[in-house]
């Protein structure tokens, strides 16, 4: 056992995880909603209209954070999948599997908002541009992971198999990100940079960053909430779960 | 649970606190047992008590959730394990489109050959003379089982793990399995066989290892 | 071959010179037998002797190559046959993703319901209370077999054809099957069951119908 | 003693199939996803020029939907065969063709309807002119039941075999060819501004015929292949 | 007492696979027939203008071959799994990745090579210019082993399941996308008179990588899915 897996065994033990996530989840959801509301207000109302695209551009405040999240969620999933496959740590299996549907949702929203935005901008809902295609492949990869996970009866075996598949798909993530640089495409090049100056006006930048923050928090809240139910389901035979169920039964009457 | 003291000090196979669980549900509880050369042990248990699972764990197909398995008193590695142990599962492991002989030759290529035996001899000793060049597809269920048993005679493994070797066999077939087991034990081999209560291991009185669901 | 004279003059089922062949090869020879209400007959034979095939012929799944089958002394038509005869084959005929109750309701929709019985009662009488709403997928092999048996209790058919009902059952399961068979016979039903030599029909001493390969 | 009526048997069968689909509703999306992927392969293989794609859009949509329903055919009788339910259905006291017609209808509902629903998306991805869309949908509405029916006969013939995937494809595809010609032909005609009703009417006539004959053929084929 | 060597094990495995293919040599033609049928669907669906077909010929040949090898994948481990041979192979005393590499190689020989051989015919049916033919064959020679290898990992992951056909397609197709893009891209470039070597070199690099990594991944995946 190396230090990493020791750490996981300590903090990632299902009961600890359950209690921690029960504590955190409501706060995270609340924070995500609050920051999201501020970001949306700033983006949709306060930020000035674009000189080229007038108000159509405002969909950026949903499209771009969701697009970032679709990639981030995959990386998060793959990291957990790696731990799950190599060290067989249960919490990582669960985290990887619960982040897949959330990531798939973000990917779908990205595709949808992109298509909606594409109609006024490019005059078509869809083109076979490298970024669009690779993002579509990303959705397929998420769906493959979800499908494989739900097709196998044994939860842990299913999680390991699906994690394995997810790991193979990670090659697609850099392709999505760098596709605008590697191939000349219709899609916007990178405009927001962490290092160096961004090619976007500050009045548009800060609502965008707020939205990005909100989606990140939402992602973690949602993954934690889903994982909590998974943990309960998978550990349903264990003593600590019975205690919780009993305690809740008493509370509910 | 069930452990016998015998003359031979180093058992061929020994399991300590061996347990396996699936989906966090224990399939079979921690069990301890050892198996010496020349022994045939019958694992008894109801449907779903984990007999098949136990054999898969012992053969290395599944990793135990806890506990240790030792071969000849040493912790096992996968490649040593598969030289010493032969598993005959529910499925015959035969290609229907190959002949009996071709099937055996494939398994010799992969697993090696026990000294002083040949596929023809093994088939003959199971009463399959004349069927060597018949596609397995055309053999009856009982004859297929015999080809699978012939493979056991050929591989060098000293420990046989047989999952329900009597299932779907008629009386003659059951006798045959018993004779093979006795001969193998006399040669210094050992075998672990499963059966649910309905069958009887007719000859002799083998040691029995009862298996109850852990939950 | 094997024909008994009994009190009841019109047998439930009678076969005259019944034979079946596949690819011009006879599978079972011409056999004659009759089955009266209240009787349970055990068809015995080695692997491949044609037991399963005989049941399929009697249930109407296969057409006999020669000979006649009569139900209540009348030549049979397909739809009368399937109202009178229930077959339980090697396969359970259950949908793994439906619950036990849903499976039974489907079979009632297709086959009808015996007077004075309900799915819940049938499941309860087989010791499956509390499992009515559990997906069959999650049941153990033994419990699945019980659900399949519950279906037999529900359908109106008077004649049961059971193919190896004891296979893969533990002792308790075997007793259960025997009790069901006795109750069915007492109610005026009849049953034809197959088994290869290894199993024993433990209770009573049923009539036996030996089957030998025709070739 | 209550013997089931034919109505109750059909209702039980359809209810069961819908219930099974609902229990595995994730899988119900698979044919549509597969069609989506196949459609996506073409722009990647041919290059993304919208004009070229537009020319061949209707044809590709049909080929994709045809392949998806081909793959979905396997589910028609196989699982019923493998768990023994098919034997029970064959032994039921009701006319087998009627029961099989219900089974095929339920299969069409659960696999082909999602395909029809996803078709506008597929067409849009290939830049099919929106004027052709109604014709495409109409052609699909007539063609997909025909595909399910024609496929059912082949499945009934191969159901006893293991690993029949490839063989099934080889049996089914030739039967699908006329459907493809008329359905895609109608769309191509509409796209070229020509009259497109004739092929659709022919398809409709074929469907009417198949609705009557296929259940009978299917019952005969099943009896052969499970014996 | 003679324990088998790794060499004898690989030889036995390959010999067995070739023998099995020979015993069912009728079935060995199925993938090629399937590709032929898929290719034949296009002129029917799109209309027979040679110029239009020529434009899209290379792409369609690739899509057809890709779908055919997708359907053939099912045979890679399934029959071995169902009759228990796979368990025996996993339990053998030799390194599993090497044995699996032999199995995949034999599968490629028996399913993909017929596809490559039939490719000129397919291309001719779609009027592919004969100057592009050598590039097509070269691209196929590099792409098909890559398809077999990538597919093998997914098959290994799904081998324990019943009726995995559709799911397998959904897992495999995204992985096939890059292969398709580069292989068809090379042909399209050649057809347009542009340099076509770069995508082929990329494919070659991918193949080299896959040859090393896939057997390892396959072994790991198999161990997960048969447990």
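A, B, C, D and E label the chains in the order they appear, each numbered from 1.
We take it that a contact is a pair of C-beta atoms (placed from the backbone, for glycine too) under 8 Å apart; a residue touches a chain by one contact, two chains touch by 3 or more.
As the structure is a prediction and not an experimental result, all values here were calculated from the model.
Number of steps on the shortest path from chain A to chain C, with steps defined by chain touch: 2. Contact with chain D and chain E alike is made by A.
Among the remaining chains, those touching chain C and also chain E are B, D. By C-beta contact pairs, the most connected chain pair is D-E. In terms of their C-alpha centroids, the spacing between chain B and chain C amounts to 34 Å. Between the Cα centres of chain A and chain D there is a gap of 36 Å.
We define each chain's centre as the mean of its Cα atoms; on that basis chain B and chain D are separated by 47 Å. Across the assembly, chain B contributes no residue that touches 2 or more other chains. In chain E, the residues that touch at least two other chains are 79, 82, 167, 170, 173-174, 177, 227. Taken residue by residue, chain A touches two or more other chains at 133, 140, 143, 147, 151, whereas all remaining positions touch fewer.
Pairwise, the chains that touch each other are A-B, A-D, A-E, B-C, B-E, C-D, D-E. For chain C in complex with chain B, the residues that touch the partner chain are 46-48, 140-142, 166-174, 196-199.
Note for the complex: chain A touches chain E at residues 85, 133, 137, 140-141, 143-144, 147-148, 151-152, 157, 160-161, 164-165, 168-169, 172.
Interface residues of chain D, counted against chain E in their complex, comprise 27, 30-31, 33-34, 37-38, 40-42, 44-47, 52, 55-56, 58-60, 62-63, 66-67, 71-72, 74-75, 78-79, 82, 162-163, 165-167, 169-170, 173-174, 177, 180-181, 184, 188.
Across the complex, chain D meets chain C through its residues 1-4, 8-9, 11-13, 15-16, 19-20, 23-24, 79, 82-85, 87-94, 99, 226-227. Within the complex, the chain B residues that touch chain E are 59-63, 79-80, 82-83, 85, 87, 89-98, 102, 105-115, 135, 156.
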